[in-house]
Every structure is written in structure tokens, then in C-alpha cells.
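Let me give you the structure first, and then I'll get to my questions.
Note that the chains take the letters A, B and C in the order they are written out, and that residue 1 is the start of every chain.
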Amino acid sequence: MPLDTRRLTGPESSQSPYNFAPVNKLDLTQLDKRPDGRSIKKLRPLFLRTNVVSQARGSSYIEMNETKVICAVYGPREVLRREDFSLKGQLTCDFKFTTFSCRQRRQYQQDSQEKDLSVLVLEALEPAVCLHKYPKSQINIFITVLQHDGSALSAAITCASVALASAGIEMYDLVVASSAAICGSVTLIDPTAQEEDALLKATVKPDNNAGSVTVAFLPSLSQVSAISSDGELSFEILNKSMQECVANCQKLYPVLEHTLVKHQQELEAGRS
Amino acid sequence: MSVDIRLASSRPAGADLYHGENPGNIVTPGDIITADTGFMRGHGTYMDDECLHASVAGTVERVNKLISVRPLKTRYNGEIGDVVIGRIRELAQKRWKVETHSRMDSVLMLSSVNLPGGELRRRSEEDEKMMRHYLKEGDLISAEVQNVMSDGCLSLHTRSLKYGKLGQGSLVCVSPSLVLRRKTHFHNLPIGASIILGNNGYIWISPTVQDKSEESGGYETNLQPVSKSDREVIARLRNCVLALAECKMLLFDTCIIYTYEASLKYPVKDLLKPEVVVEVVDLVRQRLELEGS
Amino acid sequence: MGDAGLSEAEKTFILHSVQDDFREDGRGNEDFRHMELETSLISNTNGSARVRLANTDVLVGVKVQLTPVDPERPEVGRLEFFIDCSANATPAFEGRGGEELGSEISAMLTRAYAFPGAVDFHSLCVLPGQQCWLLYVDVLLLECGGNLFDAVSIAVKAALFNLKIPNVTMTKDEGGVELDLSDDPFDFKRLDVSGAPIIITVNKIGHYHVVDASEKEEECSLARLMLGVTEKGTITAMRKEGSGSLDPNSISDMMEVNTRFLCLPGI
């Protein structure tokens, strides 16, 4: 891996002090009492705002309590390399956690998890964008997670779809994403990082369900544009939590609509 | 559903499949073919130190004074009059570029295709604009080699009703040297399917169409579903051709029909299994030997 | 070969063939192609396997290495996947061409193997809190003929099954613990892979679902669902791929198709 010598690099081997601190373990037996006081079915409050990066074609910011994501959209612009020529437009996505966004410091270079998430976001958005309207051009989406407290993927997808819409890119539908964490028979909607971690690292009994699922949904077309799951889950549970996520996406849809309407009103007001 | 997994150690031990007659003189690159200077240097050979050397691995062929080496596996070397199957790759000024498994992309000029409305039609600027309407990227065509240019690039033509755009069917790609040169490469097999054995190793299997309408010039393809019985014949033929190719048998109409008949006792999908392939092809080989063809 | 870009008519032919449950090569929608499996073929690895699924050819080598434990999870060993898209398979992989596909496959494998029951991670820990085994699972794509993910996952499972981990003896010194690797080639332990998942990809072509799609069929499908499944019937990772979107019901259908292949993981 090429290292940027201008950056301050830490010592070759170091450990986070949190490894030695007593971990605030989540009580997996009492999941109905969530640390932030929500019930298991309750979503976190969602704050959405467009036009936060003035120089981008479109941008948006999403906040779900402690999860904060910002997204900027540039383009459509011409594809530079001729071999990439195609009659359909291209969508690119760059997903990045800031180095200080998580409990552990992250590297400034994109790691494999971030690459994986980039692809997932891209695949969630591709079915919604009318790419055939943008021949020979590319649209770039840049997503930065400022603070990660669980469900970063779904926040990023929702945020990016609003940013695309605010950039005036033609779309069939908005994309709303929602996630759930599963432990045994309990499904926690919109999990925090603490809950996600506890489940992924939990060494539960082999036939127990533990994992998480994220669904991206096109509410008007009623189609799922992306789905991804982690951990070991049975077919029935996965199916059930997928339906729950879809229902939550539908709940969130008005918030997105409202934000975009407000965005449009602001633009109109500015014009007159 | 069916899943067929097996260990490599249980592969049928019949790797030595060659039963045919002595293939003749096989040479490898650098081998001296002859020191006699009375011969002429053909393809696949070079002169050095007054000796004729081979430059490819293959069999030595001699026509009078001309010595050439024919490689066993090669890209397609076109000859005038060959029937080929190709896929349109690109549209250019007044021509289509066609992929034909040849060294270079072949060229199909707008002037060497039949356009709707008869042979004597003039080609106008309109037609140039309509080129993508006739044939677009990805389309398959059958054509004849009209000319071989000095750089080896093939120029094709489709100026006969039997050539032109291909509709629904299945394309199989085999090595060009496996296709036997015959008088005709278009066969309407009695079992209810048509097969075009392209000299370039591309083989097209499709349901038999009765009448090709002259009106549209053959650019309209029929997108109606193919009946299941036709589909079964096509799939079986496809697997038969692949089986023959795997056992390095020359492909021509009789042997394909024999394989088809020999395979009838198996369901179509069983022809993907190696032991069935070996058995069926063995039967065909014996039958061909019996008939002395 | 000229497989790139099918004509409209060929696509229609394939679409209808899936409708008839009778595919181009005679298979039904839920049939796999012939598969050949080989293990123990590279002597320099601790475990290796090769899978040939029609034209798809995958070679996997596993090498083990002792390494300090991950401070966040001091009691378990680790698995690392690396996919090499060899330009031998197709010139398109030349240079960095195969990188994207490679990281996609390795991400899917990492996720499918990320649950505690996949392999016995605890047995991979030599000295809790200090040393553990790190299994480098290196996958080499030799030929691509469709359905890469499934073939890769089967080869990985077979290679892990074939894995021989040398036994380690510990002696307590005054300076700490000394690890001694057994040099007897027959002194090894195996890894239990009965819980390890394999990936099944279901392609949506038209309104029908197809497993083990050939390259041509993959071109006709807009969306596919990949699932990591175990013998027990649990799903360990799920992902939608492709530019299309899916109906929630069709996802359940596809998952059901998947669960019918549960017998597969037992090699």
C-alpha cells in the first residue's frame, strides 16, 4: 500500500485505548430496553436538508441522532476515457468514512469495507436513475460519513437519492433505505452502532439468529433496489425483517418528499 | 433441480480418444521439413540455411511443389467463397465491422448487402443513416467471403437471400479447423431444425423457417416464442455439436445427424456429462467407419 | 470469442427458453451444469481445491500463518480472502481490469463467512490473547464461463475442507511461551467446515428465476440475488446485484429457490 508521506502516520503498531476499557456490553437478553430508550420498532428521528455543499450540483445532509452523513453529486459530465463510451450514462459512487467517524480511527484510504459499501449504494441507486437520458456522461456521487452510529448504509442511500433529486437528475423514483438488526426472534429497527456490534460479535448459540439486514426501496414503484444481509439468519426471519424494513421505508418516504418540496420552494423564492 | 458434482479422480479414463488414421507428418516450429530446394515455400514455413523450416505446429501439406504447414488450432483464415457467421461489432462509414473469429474484424460494406426493395435499388444517403436500423451492434449475420484483402481482412457480402441477419437460435463456437469444407454449409435437417456450419467455426442452429419474405429483406426478425419441441431439437443439436467438437471430430451434416440419433436415448441435459459425450461420440465414430466415409 | 453483446433475437430466444423451463443446453431452470472437483493439488499450500463448472475454472489455495491476535477479538483466528482475476481468463482482466470483480467476490465471501458458526474460529486460536492462525484463502480465476460466485464459494469450501493445520506445541519459558511448530507432515488437524456457507446466485430472467446461468444468460438478466447458505438452511449473507430492481415478493421467491439447494453445501 503506497503511503502518503506528507500525512502524519501513527506508530507502526498501536492500539486503541478503548480495547482496554471495560466494554459497555449490551444485554442481549433484554433487547426491548434499548440504550437510547426507543422501543424495538421505533425509528430514530430523521433530519434531512438539501443544498449543503454550495458548489456541488446537488447535495444533502442526513442526521439520525448520532449518525451523520453528507453527500454531494457532481455531473452529469462527459466521460473522459473513450473506451468507457456507452449509450447509457454511468453512475459512480465513492463511499468514505471519515477517519474520526468511528470508535476506532479509520484509515484515510478507502478500505475494502468502504469499497463494498460504495458498490452497494451504487446498485441501490442505479435502478432509480434514468440513465438512458444521459448518454456518454457520468454522474459522480460522493458520500462521507461524518459520524457513524449504526445504519450508515441506509442513511447513505437515502441521503444520496435526495442529493440526486436535488441535483435535478431525472429519476423514476426516490430511494429510501432502512435497516434492522436481528437477535433471536427480536428485530431491532434502525440499530445503533452499539447494537450492530454487539450482534455481529456475539457468539450466540449456533441455531440462533444474529445479524442485520438493509433494504433499499423504491416507494412509488414498490420495488426493492438493493438488499444486503450479514450474519446467520433463517429464511423466515430474514423474510419477515425484510418486510418490516420495506414498511419503514414507506414511513420515511414523506420526509424525503417534504425535504425536496422545501428545497424547491426555496429555489422558487430565490428566483422571484 | 439437479446438481452434478464429482471428483476429478472419477473422470472417465479415456483420455486417448484418437482412433483415426495416421495424421501424417506432424512438425513443430523450427523443424526442418526438407533440405531440397526444389520446393516452394507456403504458409507456416520459412527458409533458413537453404532448408525449409516449419513456423507453426501442425501437419505438413504438399500440393505439387508447394509445401505448407496447417496448424491444428488457429484463428480463422478466410478464403473467397467461404460461408461465415459473424457478429456486428461496430458501425462505420458505409460499412459494418464484423467479428468472425478472424485475425482482424471483417468488413461488410453497405454496398454488399441486400436492402429491402430488391437487388437493383440504389443506395442513397438515407440508407447510410438507416444502417443501424438494418443491422446494429450485437446482431448475428451469415455471409459469404467476397474478398480477402492484402492485410488479411475479410470483406463479406450477403447478396443472396440465404445470407443475412439471423433470428432466434443458438450460436456455438468451435475451432475453425473442425468444420469440414463442403459444397453447402446450409442444412435443413430432417429433424426440424436448420444448421449453418460457418467455415469460421461459428455454428448457427435455428428453427427451420419456411418462407423468407423478400419484402423486408430479412431484417425483420421473428420474435414469437419458439415451440418447445423445436427448442428441444435445437438444444440437443447444440449439445451434440459441442460433444463432437470436444472429441475433435470433423463437423458435417451426416455426422451431426448420426450424433443426434445416437443421443436420443438420453435426456438433452445429460449430454453435458463427459461419460455420455464419450459414449455417444464413440457410437458415431463406429458408424462412420462402418460406412467408410 | 464474440460473446460480447447478444442480438435482440438471441435474447428473446433465451428469455422464452427460461419461460419454457428448457434452457439453451437442455437444462431446466434449477439445474446446475456438470461440475468437477479436485482437492490437494498444490503441494506448497496447506489446502487447495479446484472446481470446474462447465467453462468456469477456479483454483483455490489456502496458506496458514501464525500472527498476533486482533486486539478486538483476542480469542479467535481469522480468515482472509483474496481473489486474483488472472488475465489468463480473459484479457479484460489485464492490469487493474479484474480488480473490481475481485473485490466484489472477496467482499461477498468475507460477509458470508463473517458469522461465528462458519468455521470453528476458536480452534484457530493458538494462544488466546497472543497468537492465532490467519488463513489466507487465495482464489485464482482461471477461466470465466458464468456463475463465478457459486463456483468460487464451492472451491473455497472444498479447500478449507482439505486444509491441514500443523499442530503447535507450547512450552513455557521464563521469558514467556515458546511455540513449536510440528515438522511431521502427518501431525496436523483438520478444520470443521460443516457450517461453512456456499453462495448460490439466482438470476432473474423475465419473470423466472434461474440458477447457474451461463455467460449468455447472465447478459439477459438485469438483477440477481446472491445468498450465502449453510447446510442447516440459514442464510449468512444476501446481496442484490445488477442494475435492475426487484419486487419484494420475487425476492422471497428467489430466496425459496435458494433454500432448495441446501443439500449442496455438504460436499
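Operating definition for what follows: a residue touches a chain if its C-beta (ideal position, glycine included) is under 8 Å from a C-beta of that chain, and two chains touch if they have at least 3 such contacts.
Everything numeric here is computed off the predicted structure, so don't read it as measured data.
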Chain at the geometric heart of the assembly (C-alpha centres): C
Most distant chain from chain A, judged by the mean position of its C-alpha atoms: B
Interchain centroid distance [CA atoms averaged], chain A/chain C, Å: 26
Distance between the centres, which are taken as Cα means, of chain B and chain A, whole angstrom: 51
For chain B paired with chain C, centre-to-centre distance based on mean C-alpha positions, whole Å: 36
Overlap residues in chain A, where contacts from two or more other chains coincide: none
Touch list for chain C against partner chain B, complex: 1-2, 4-10, 12-13, 16-17, 19-20, 22-28, 30-38, 50, 54, 154, 211, 260-261, 263-264, 267
Chain C residues within the chain A interface of the complex: 71-73, 103-104, 106-107, 110-111, 114-117, 195, 223, 225, 230, 232-248, 251-252, 255-256, 259
Complex contact set, residues of chain A against chain C: 15-16, 19, 104, 112-113, 115-116, 119-120, 123, 126-128, 131, 200-204, 206-207, 209-211, 213, 218, 221-235, 238-239, 242-243, 246
Chain C-facing residues of chain B, complex: 1-9, 11, 86-87, 89, 99, 101, 137-140, 166-171, 173, 202, 221-223, 225-226, 228, 231-232, 234-236, 238-239, 267-269, 271-274
